[in-house]
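Structures are listed in the sections that come next.
First chain A sits with chain B, and in the next complex the same chain sits with chain C.
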Partner chain A sequence: MKRHPVRHALLWLMAGLLLAVWAFPVLWALLTSFKSERDVLAYPPVWRFAPTLDNYREVLFGGSSILPNLWSSLVVSFSTTLLTMLFAVPAAYALARLNYPGKRASGFYVLATQMLPPMGLIIPYYLVLQKIGGLDSYSGLTAIYLSFSLPFAIWLMVSYFEDIPFEMEEAALLDRAGRMRTLWYIILPQVRGGIAVTTIFVFLNAWNEFLFAVVLGGNKVRPVTVAMFNFISVEQTQWARLAAGAMLAMAPVILIGLFAQRHIVKGLTVGAVKGGGRR
Partner chain B sequence: MAISMTAPAATGAGPVTLARQEQRFAVALLAPALLLLLLTTTIPLVYLAWNSLQRIDLGMPWLSGFAGLGNYAKMGSDPRFWSSLWLTAVYTASTVALQVVIGLSLALLVLQIPKGQGVLRIAAILPIVLAPVVVGLFWRTLVLAPDFGLVDLVTRSAGLASHNWLGDPQLALISVIAIHTWQWTPFAFLVMLATLATLPPDVYEAARLDRARPWQRFVYITLPLIRPAIVMVVIMRTMTALSAFAAIFAATGGGPGSSTEILNLYAYRTSFSELNVGYGASLAMVLMGITLAVSWLMFRLRKAR
Partner chain C sequence: MSHSGSVRIEGVVKQHGSFTALHGLDLDIRPGEFFALLGPSGSGKTTTLRILAGLESVNAGRVMLDDTDVTHADPGERDVAMVFQSYALYPHMTVGENIAFPLKMTGTPAAERLAAAQEAAAKVGIGHLLSRRPGQLSGGQQQRCALARAIVRKPRLFLLDEPLSNLDAKLRIETRAELRRLQRELGVTVVYVTHDQEEAMTVADRMAVFMEGRVVQVGTPKGIYLRPASVAVAAFIGTPPMNLLPAELANGSVGVAGAWLPVDAAAGQRGRVVLGVRPGDLRIAADGMPAQIEFIEDLGDSAIILLRLDGQQIKMKTDQAQSLQEGQQVFLRFNPAAAHLFDHDSGLRL
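Take a look at the complex of A and B:
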């Protein structure tokens, strides 16, 4: 391809613009989180201001501390991720590599459950949990989180299992290694990367979930996505505190995004090209 | 003994038992997950269908009872339902089209930059990993708030006056579409970028020797090659758009009035704000029917060519 300097400069300009559009709101929120409430509402906006940690102090240790909410999010996300992986990895292996009657049907069933709109699930969960006193509980929220994380994880893992060559497990089986031992010692090590990516995605999705959390949560179990509304009321919006709270709430996913960048892109594309993935 | 573990059972005693052993192993691995899926998705859906035939008014419980198809009949004369259906179509079609077009154009552009794609990829990851509810709140306050938001700063300094971006019905709809597009275009962009990077260079070499113009190369070579990826992106983004909730909830709550109330939001508000859970359940059933029909149609289209 011919290389013109002007053309290159233009390309970079466009690319820079798109970078700005995506990164700027987040950077702006980061900046806002260090401003005093007075600086936030200055017009024109002030670029040079005395940075303060007051917002973070207030959000963490003040009257409307989000520490309990971060804990809620952590418990729900962690238990969802653990249970999902425990059930999804063996199931995905069977779907990807084993022959059994009803294979197509079971694969189709998993795919169909992945297409279900969350609004269709939240209503029955609410009615049932209300009856048995399961609202505002970790188990209730974890159960409904499994409804979207399990199909997603199974399909993503299937695409990783399909990528590994058959020869090794055949050799192991001919050595009479036993199916369980073959799966554990030969197959799983080869999909370590896939397990890591799937774990990341399941955790991200659970951490970011909002609809189920806002309906089924309460005073005890109140994930951090719901707690963001602490800083918004009809009378006023506490901009700087909201920004600080959002930064803390999103710190884990932003860090995962930055460090696992390559894996995330691979997970997205594997899912997209082969048919898995929800978000 | 030459036995293929993967082929279906052949004749002879050995392979048959091995095949049976494989089946038993598959069932043992699969059954727990399928059972869990049955419990967490399918049985709740049956209960949803049952509840869509009930009148359940949590505000006035004494009115509750069996309603038959009453809830569904009610939709016919419910203008808010038809408006939400229309908004769902507009919201889904526009966000998906924008994501694919912008995402693909950007990917084609960025592919020509030899260095620095990594930085762009990081910027693209940011919106994807953020919780939609946080995105909605960011936009509601920092980006779209009258007078102090970023967009108003731009329009005011350009002499275009301040606008109530989320308070005006028309602008609010455009705003929630913009928010959704902002958050999910990076997904289309990243998938397209990865797909374009895998295209065989020799095809383009041949085209260049045949003096094909750039747009001819795009239409006759690139598009057919990346068609599966485009279709997949369209399917996945359509599903997301149909059940979009948190960002709209945070930015407008479905308002002003019901001007950004897509069917998903309407089902939520009916069930959990107005506590009319029976009618809400029937709305959710309609949404589910639409979602499954659309995905079935798209998978059919995917296989068609």
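Take a look at the complex of A and C:
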């Protein structure tokens, strides 16, 4: 069936509009980050201006450098991601494959944690961290992030594991692979797309997180999402520096997106198993 | 090969919850035998195969391989290979890596693995496809790849679960002959699950017929065909299936639809029976059982005639259908030795 040319054009138009709506603020911020403060406030907006790297210089190496904050974000996001994946992959495999008492209950628990409004948890979390001295610490913030990312990652990974036919594992067991080597040689390579996707989601969620970071962080641990607010003060907003900071904070996200595109390979198992009915 | 590959299953019971899949199964499979487990869907044949593989536990009974009790041994410890109905190839590995995988797991050096994989692939005629991925193979080639992966480590026992069911009819017939050749060449014991009685008849040395979680008959295909042990087996074996008619037995004759025809039965036997006659054993005669031709299926060299006899539909196979017409009244007879007699109540062969 050939698609109607008008329909086709409309589709492109819609896609273009949506993309523009999404991209406009980003591109605007990118432009702003190269402007001087005077050009930023010019009205009507100036399209021709002398681009400057002063904002980046100031944001990176000036008095209010966000380098320590980028480091904070990196530490928290990296440790959250690493720990999440370390626990989520085996947990999801267990949920997808093994039968153990309380399996249904634990599966429901994983889902239930995703339904809680995070806002309602801030005060309890604050009190808990205060009691155990975890406020303004990497371990404290990471632990809090884990409480969200782990159920999310498990829930996401389970469906990838469930897509792998049972018979494939049974074949590996008969080939003397044993449970662990089956997981390593047969199962994990087939869910690597899912692992890549989940890792990226978890990392980005941790990197972008603001609410818990602003309440549970402090002077020592202040992720970049929180630190950017330094450029907004009562007297004035330093738009150009804020934009430069935002660009720097966004850079890893965009880089990961570009890098991961190639790794998100779908349908790797398609065609490997035919029929598969069991009597 | 250090092991001969004999199998003994003793009193195996398997329950899935409240459903009993196997009711105390006993089977003896001899070394080097091509043994088919034949039965309709849900009769327990695949469960039996999976128990042999160690993929299912048993609720009671013992499984012996070469006189060693393996009832509770892990699949990997049993030295058996299985070809799954779905083939279960590893999609992220090449054909060569798939075939070599069992050797990799036993720690065989890489060079040796490669040579063995090449040899196994060549045996099943896919030696030129080693660097492909399973997704790039046709159904028949995938099936061969699964076979090669099974033969590469020279196990004592091959388990094949409906290995031909995903192939088209022509390829199925070719492949089953090849399976037979391969089995003879390797001299290995094969246990083969199928619901296709024709397939079992053509490849198996012996077979076990499964019905509702029980083995109802064990024997050579020919033996079972010639002397089915019950009405159920008689109805299952043979294409088209055997005609089964309620009849009266007295004085060495059976009475069907008012006609009395001689059968091979002891003079003392009498009472209500089920008479079984294969379609090929019926012939049209001047007198006998009255029937009306309903339909003629011409197969070219022969024909299947559908008839109505005493309100029941029966089939006759003949190569002399030219003179027959639909709607025609005929009389049917059969050779006394071709009649199968079963007890009316128990369904067992008399």
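Just so we're on the same page, the second predicted complex is superposed on the first by the 239 of 279 C-alpha atoms of A that agree within 3 Å, B and C clash if a C-alpha of one lies under 4 Å from a C-alpha of the other, contacts with A are read in each partner's own complex, and residues count from 1 in each chain.
The definition used in the following text is that contacts are C-beta pairs under 8 Å (C-beta built on N, C-alpha and C of every residue); 3 or more make two chains touch, one makes a residue touch a chain.
Predicted model only: the values in this text are computed from it and were never measured.
Asks: After lining up the shared chain so the two structures overlap, which partner does A:25 touch, if you call chain B first and chain C second: first, second, both or neither?
Replies: In the superposed model, A:25 contacts chain B only, not chain C.
Asks: Looking at A:242 after the superposition, I want to know if it touches chain B, chain C, both of them or none. Which is it: first, second, both, neither?
Replies: first
Asks: Taking the superposition as given, does A:93 touch the first partner, chain B, the second, chain C, both, or neither?
Replies: first
Asks: Quick check for you: in the superposed arrangement, does A:173 touch first (chain B), second (chain C), both or neither?
Replies: both
Asks: Have a look at where A:181 lands relative to chain B and chain C in the superposition and call it first, second, both or neither.
Replies: second
Asks: If you stack the two complexes on chain A, which partner ends up touching A:101: first (chain B), second (chain C), both, or neither?
Replies: In the superposition, A:101 touches chain B alone.
Asks: Is A:13 touching the first partner chain B, the second partner chain C, both, or neither of them?
Replies: neither
Asks: With the two complexes superposed on chain A, say which partner A:190 touches: chain B (first), chain C (second), both, or neither.
Replies: second
Asks: Could you let me know whether more residues of chain A are touched by chain B or by chain C?
Replies: B
Asks: Looking at chain A, which of its residues have contacts with both chain B and chain C?
Replies: On chain A, the overlap between the chain B and chain C contacts is residues 170, 173-174, 268-269, 271-273, 275, 277-279.
Asks: Across the complex, what residues on chain B touch chain A?
Replies: Per the stated touch rule, the residues are 3-8, 19, 21-23, 25-27, 29-30, 32-34, 36-37, 40-42, 44-45, 47-48, 51, 56, 106, 109-110, 112-113, 116, 118-134, 137-139, 141-143, 145, 147-148, 150, 153, 182, 186-187, 190-191, 194-195, 228-229, 232-233, 236, 239-240, 242-243, 245-246, 249-250, 264, 267-268, 271-272, 277, 280-281, 284-285, 287-288, 291-292, 295.
Asks: Would you tell me which residues of chain C are touching chain A in their complex?
Replies: Contact set of chain C toward chain A: 41-42, 45-47, 53-55, 74-76, 80-82, 84-92, 101-102, 105-106, 134-135, 139, 142, 149, 165-166.
Asks: So in the complex, the part of chain A that touches chain C is made up of which residues?
Replies: Of all residues in chain A, those touching chain C are 165, 167-168, 170-178, 181, 185-186, 189-190, 268-279.
Asks: Contact residues on chain A for chain B in the complex?
Replies: Touching chain B from chain A are residues 1, 8, 11-12, 14-15, 18-19, 21-26, 28-29, 32, 40-41, 43-45, 87-88, 90-91, 93-95, 97-101, 103, 106, 109-110, 112-113, 115-128, 143-144, 146-147, 150-151, 154, 166, 169-170, 173-174, 179-180, 204, 207-211, 215, 225, 228, 232, 237, 239, 242-243, 246, 249-250, 253-254, 256-258, 261, 264-266, 268-269, 271-273, 275, 277-279.
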